[in-house]
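Given below, in the form of structure tokens, are the structures.
Look for subunit A in each of the two complexes below; its partner is subunit B in the first and subunit C in the second.
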Partner chain A sequence: MGILNVLVTVSLAYVLFLFTVAFFADRSAARGRAKWLQSPLIYTLSLSIYCTAWTFYGAVGYAARSGVEFLTIYLGPSIVMIGWWWTLRKLVRIGRSQRVTSIADLISSRFGKSNSLAVVVTVIAVVGTTPYIALQLQSVTLALEAFAGDVAKTSGGPSATTLWLAAGLALFTVLFGTRNLDANERHDGVVMAIAVEAVVKLVALVAVGLFVIWGIGGGVGPTLERISQSDIARWDVSGGRWMGLMFLSASAVLTLPRMFQVLVVENEDERHLATASWAFPAYLMLMSLFVVPIAVIGLEHMPEGANPDLFVLTLPLSEGQNTLAMLSFLGGFSSATSMVIVAAIALSTMVSNHIVMPIWLSAQGSTAIVAGDVRHVVLLSRRLSIMGVLTLGYLYHHTTGGGEALASIGLISFAGVAQTLPALLGGIFWRGATRIGALCGMVVGFVAWAYTLFMPSFGPEVFLSDEFLRNGPMGIGWLRPQALFGISQGDPLVHSIIWSMSLNALAFFVGSLVSFPTPLERLQGAQFVNVFDHSTRPGSWSRGMAEAEDLLVMAQRILGPSEAQSLFRSEAASQGITGYLPETTPEFLQRLEREMAGSVGAATAHAMIGQILGRASVTVEDLMAVADETAQIMEYSNQLEAKSAELTRTARQLRAANEKLTQMSVQKDAFLSQISHELRTPMTSIRAFSEILRDGGLDEAALAKYAGIIHDEAIRLTRLLDDLLDLSVLENGQVSLNERIGRLGDVLDQAEAAAGIENSRLRVVRSRVREDLVLYTDLDRLAQVFINLISNALKYCDAKRPRLEIAVRDLGDNLAIDFVDNGGGIPTASQDVIFEKFSRVGSDQAAGGAGLGLAICREIVHRLGGTVSYLPGQGGAAFRVLLPMTVVRQNRGS
Partner chain B sequence: MGRKPENPLFLERQRYRMRRIMDAARFAPVLAAFLFLIPLMWGAGQEVPTASALIYIFGAWAGLIAVTAFLSHKLRKMPRDNWQERP
Partner chain C sequence: MGKRVLLIEDEPNIIEAISFILSRDGWEVDTHANGTDAVDKVNRRQPDLVILDVMLPGRSGFDILKELRANAPTAGLPVLMLTARGQTKDRETAQALGASRFMTKPFSNAEVLESVRALAAGVQAQG
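Up next, the complex of A and B:
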């Protein structure tokens, strides 16, 4: 009797202590002094709700029954944590960017904010978690019974104890789990309390373990010796179960609602994951380190028929270590309560957001959003949900009466919630996953699980008759629940995992392949799968009929007046509007929806805004508007860049044109002055001599001489004007070419003759063989060029024995005709300008040219498709005429 | 034009190291799964004492924890924005 009183007192003191911790944690968080609350250590410890009373008590029982197999339950989560970079990091990032409140919310949000999907996940979670809560209640009751012997039964019976326990847990959860509405504001008090409980259970188990090894076993060596002599001395684990259980526990750590709550929803900083990735496996390792020694020594020391599930408690008790036993009880109590509290919070959020609120909203009609105090309703519905969840757990425990081995309920529960795994992983890694696929997969998997595992687990004659179990429905053998398709695996759990998970995955995959996602699904899919690339926000509302005032009224009901007003005011300010009513831009609506999603879930928030906007779904145009936003900005910036480049180009062109115009103006002036000068010289002599003739008194000879001079000057004038005319025609491109066939040699002969070589001292050297080419071009014009070049040599070659060599060369693409004399050549400085109009080397005008010859040559050759240039370094003046090979029709020579 | 490509071909040494550490973090769970599945090979015929099995599993576990702690420590020091970089 005494020990029970002490136990009750200690338990109550412990509970009071937890209340105090939670209260102060909440208060300091509210005051913003919660830095230490948000450390990675607290985060890691809060994950320890994975280790429930099932772990604390049940693992030893499990080990006593099946040996090392129990380790799979810890190895699976360890692998997931070690692989945080793959999955958890992404989940946490999505959870934070989408303001996810639960696993149901995440899946619903990913698949187009579908509430039906959220309902399915919620149902799976409730069905899967209720037995688990019952299990916790049962374990605490069992522990209490073991402690107090029969005393507990006399003071109201185990059932009453369980009821009190459930009520107490409900009270604690309501008090600290529903203090604030926004799930993303986190439950600092609760998290702190479960972190403390995590320490208590670890310390308790380690203490019992140390006592068992050193107090009873006699040290590590002897204990290992005892293990080798025990019933579980041999490694005897079936491969299927080893793998199956590892898979199951790995998926449980992702899909269990309570694990999702602490991993994703309560996560404060992504970097905490980095610490938890090794610290949580270390915690799990410590928790399981002493399980086998405790089991082995318990089997050895405890009487036949003692419940191995309670060895952690009964072993110290039987050794008279009451304090240690008390600590052990508190450890188990902590395990059970922390799990129940978090599970109740997680489940109540889901039930409230996805079942109660939608029903309430539709019952109220669309006016309700503006009229009712939604905040209050949400809180109330959550509180009721918590009580409902715990009531369900209690009822489950009461109906089944406990009695089953703890671990098997736990594994059945794991297998149930694991049915959300394909939708969850598919949703975050595969863009092609659709709502229909997720729905099919989860429903099929859940049904398969219920049929092959859950219902048979109650034993024959509860849900399924013995006949049904043995021979299948209506005697159809291949539908037997524990041997689907005639494949009897032997182990019903592995059988169920294989079938439910593969059918689930298959249905999910096929369903996704054949269905077509809505625009919102596709947008959300892209944002989930590429969460590390996208920083854009989810959602999408086009500027609609929404009145900012209506929205404010609604937001006040959900977020609370001050939060809603400050949100609206800051938005208005960012839009440059004073007051509380911003423009209802799509960005603002997205932001508002996100804020509200933190309170009531994504699907409900979307639906509520949809009601005010007058429609609950998005159009493709909306989506495109949102999705293309970035693309548009980029395109705009590209356009700007292109325009700027174009402007630079234009400016450059204008500058060049301006320069050219200036040059041309200078050239024109120079040209005019040159031409006046050139015209003036012959005019002057014509005038002078015609005056002499007019005055008379001249003899015949003088008369003839002066008339001859006038005639010569007039000819020179005419030639100058002819040249000018010719040049102008050529420069304007108005010249029409008279193309015909002819031999190059003939053209050169003709040019030589026209230039008057025969009567001069100039000796022309030619290679007749090389000139034997047939050309198709304007031969007269070509001859004009040749005449010019030959006359130049004639006029300017200052050698004593002038000599001109005309050489024809085949340069591949071009035909080169070189005119090289043996004179002094042209000074380097002048070589650039000799082809310009009126340019003459030196100052002598003796040759009588106006300096237009080479300019004309250049124009002509240009028209013929070639070039004429000065060839330096040939020992005299050298000009090269290049003609394209295309003018050569036939190569008779060489 | 003028924009930095998202996944440049060549990285400076430090960023290159960082990415290899990310690769290692991705590989760690594969290694863990492999180590924890080795007991499957102890199957029939071979009598493995539970004590040895425990020593192996806990040894492997502790080793993996140490490796993960090392990698996480490196990754933690990196600015969070870099976490999104592709390999």
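Up next, the complex of A and C:
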């Protein structure tokens, strides 16, 4: 009774000590002064949760029952650790680059962030781990019983002890496992406490070992003597079982949720693996060093029927070494609690992220931002999950009554969680692996495991009847759980491993081959398998309509307001923006998703951001942007397209230029004949009449008339030369404008008179009121333009009653003066060229113009700051002179 | 007996000049100032000789010549073509179309008279 009280007191003090360690480790980590927390030593010690109470107590029992076979449990992990470069390094790199929170998260991420896959892994993990947790509870209970003898029964029995233990562990885990929710999903306090426990259990076991060898065995020599005489030393090795056990323990290091948690999730630095690769096997060696001596001496000293699983405890007790026994108890207690705590954290993360949160989110409707404080919900769901996991462990223990030998429960668990191994390894080494394959493999393997090992392990009549076990379901012999297809291996464990793993691997392989990966799966597959080539980030979000504000609202609820705000602020600052709302660049969205993945898991984070972005998955464009080659091809193709477009443009321009040149060449030829004609025609008259005059014999009237003709034609020639000169001057920009004030109406009157309207058939229609504008411009040049346009109407209007309307319009920025006649107009084809020099429509010569008029007009109006153009569709020839409003000084009409 | 000449030309002063020169030499000169209905005029008047300008309002002198040569009654009619453009291309076109003579403006009065006389004589010689 006395010793039990002391034991309970010591245990409570120990727990209090662990609390303190965890608390201060958390504190200093939060303050950023935790460099020593992140040493490779702590990392290595934290890996020792591999050595649970099963190892602490059970290894001796195992050795007592099966000899050196227990070594396989240490050899498997040692091989994996020593070969860390190939597998562990990759897992850790992936874990870090993808912010993986659990093994379920990793497998789900790899296969296109599929939540159904995560659920399967989670179920396997929970089912596989629950017996293991029960095992820890049982070991502590058994240890207590060993101390207490009959006393335990009076204090409520082992079941009550187990219950209290489970509750206490749940409390500790809740307190330190869910203190904070951060993106890294690291628990510095817990890791530190585990490291301390690792030291305690090693010291305890070594102390018992030393005591056994020197205190009981009488030194190294005699002890070795005894060992070699015992049955244990007999090298009785079944090759198949050894291979199977080593395979199991090796895969357990990778796939056990708690091992994944400390190996990958809690890893601070990839380089720690290098240290752990030799330090952890060394730790295991120390742990196993004294197993055989303790077993041998225990078998000798302890009474027949004593539980060899408890030799570590009962040997010192029987020798009256109560303090040593208490240390041994604390070692076992440490092993059990550290395993349970980490397992509960790992499982609760998985259950919460992949089962509770998705259900909760979908129950909340589709909009993540409208929901309440997700952060609070996540913590609550984690805590409930932890309690749920421990409750399951307790119930398992309670149901099975703790009858099993510790080691076999451990192996059954190993075989269960090993079902995720093909999907895990396939996922990180084989790009062809698909979600369907992973799903098939795990489900098939899990079912095979449950059928051949898990359910029969409860013994006949719990799940399966004795009849069922011996003769198969409904008497179908080849379906017997422990001898599938009639192949009885003799060893149910090896039989189950072979069948479940080979069926698993086969289903995984075939499923992957026949199914087609989604774009996201391809992307993730490439990133996982080639994680060392490019540590780029997964599932890029293309910059969409995501409202930074919506994202902030959501992030605040998941990450906590201050963390979310500082994240947004730092991102904004790095983009050169002040305030809390950065541009939603793909990089930022990835970063945000990563941070959130730590709280709610990758799949959920991806889905939540997807909801805000308004789309559920990565599009083809995103994939293309990520894949380097594809991006390059796109780039190249874009360049080609641009080049091609440029070429087309150039070709079009060249064609247009060519057409224009051809036209100009035709015009130049036409001009040469034209100028020849224009010069020669007056010359002809002048020559002919001068000869007539020279011949003499004319009367006075004829003389005067012919001399007049010669005079007129000489003037015509002069005018032609003047026009040419004028145009040349205008074109060369040498003209100086003589700007002055004048009335538009007056200018038009003057032009009308100069064009000789008075003696013609052409009727000019004007609106004098609108013309009542005062202009400041070169009025003579303007008049010249008007004269030309009026003369054109006079010459070319072919209507029976020719009529010219001159309309003045205010177009806002411009003043328009339109000259519209009622003739046939100018053919569309010619409208482009009429303003060119020497162009004349058709061969119409009637008025003897040289085809310079409109060219001169264009140049003049251009000098005056305006334009002159042909107005099509006015029912006749129509010209519009546009002058800038700036020339208008005063509107007398208004 | 005066021969009849049809002058198809749009430049009033040139019409005046040629009419004066030929009338003084005893020709009966008829004039027409556009290309559009020039062929009708030829057919109606049935002149002994046509003086045809190339650049006419409405229709080119070349077109008119082509039509005259295509019609049997006027196929052999002497046609003196006048042009102010003076390019060899015009001369070649005129010859190809069957112009009897080709003159470039400005011309001397004597040259016109000589040409008209020669053409009229040629016709007489043939007839």
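As a working rule, the second predicted complex is superposed on the first by the 621 of 894 C-alpha atoms of A that agree within 3 Å, B and C clash if a C-alpha of one lies under 4 Å from a C-alpha of the other, contacts with A are read in each partner's own complex, and residues count from 1 in each chain.
We take it that a residue touches a chain if its C-beta (ideal position, glycine included) is under 8 Å from a C-beta of that chain, and two chains touch if they have at least 3 such contacts.
Computed from a predicted model, the values in this text were never measured in an experiment.
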If you stack the two complexes on chain A, which partner ends up touching A:68: first (subunit B), second (subunit C), both, or neither?
first
Touching A:430, do we find subunit B (first), subunit C (second), both, or neither?
neither
Name the contact category of A:671: first (subunit B only), second (subunit C only), both, or neither.
neither
Counting only touches as set out at the top, which of subunit B and subunit C does A:686 meet: first, second, both, neither?
second
Should A:713 be classified as contacting the first partner (subunit B), the second (subunit C), both, or neither?
second
Counting residues of subunit A touched by each of subunit B and subunit C, the higher count belongs to B
When the two structures are overlaid on chain A, which partner does A:24 contact: first (subunit B), second (subunit C), both, or neither?
neither
Considering only the touch criterion stated at the top, classify A:776 as touching first (subunit B), second (subunit C), both, or neither.
neither
Just checking: does A:274 make contact with subunit B only, subunit C only, both, or neither of them? Give me first, second, both or neither.
first
Where on subunit A do the contacts with subunit B and the contacts with subunit C coincide?
none
Could you please specify the touching residues of subunit B with respect to subunit A in the complex?
1-2, 22, 25-26, 28-30, 32-33, 36-37, 39-40, 42-43, 47-51, 53-54, 57-58, 61-62, 64-66, 68-69, 72-73, 75-76, 80, 83-84
Residues of subunit A touching subunit C in their complex?
672-673, 676-677, 680-689, 691-692, 695, 709, 712-713, 843-846, 848
Can you list the subunit C residues touching subunit A in their complex?
10-11, 13-14, 16-18, 20-21, 55-57, 60, 84-87, 104-110
Looking at the complex, which residues from subunit A come into contact with subunit B?
67-68, 71, 75, 78-86, 89, 224, 227-228, 230, 232-235, 237, 239, 242-243, 246, 270-271, 274-275, 277-279, 281-282, 285, 289, 292, 532-533, 638, 641
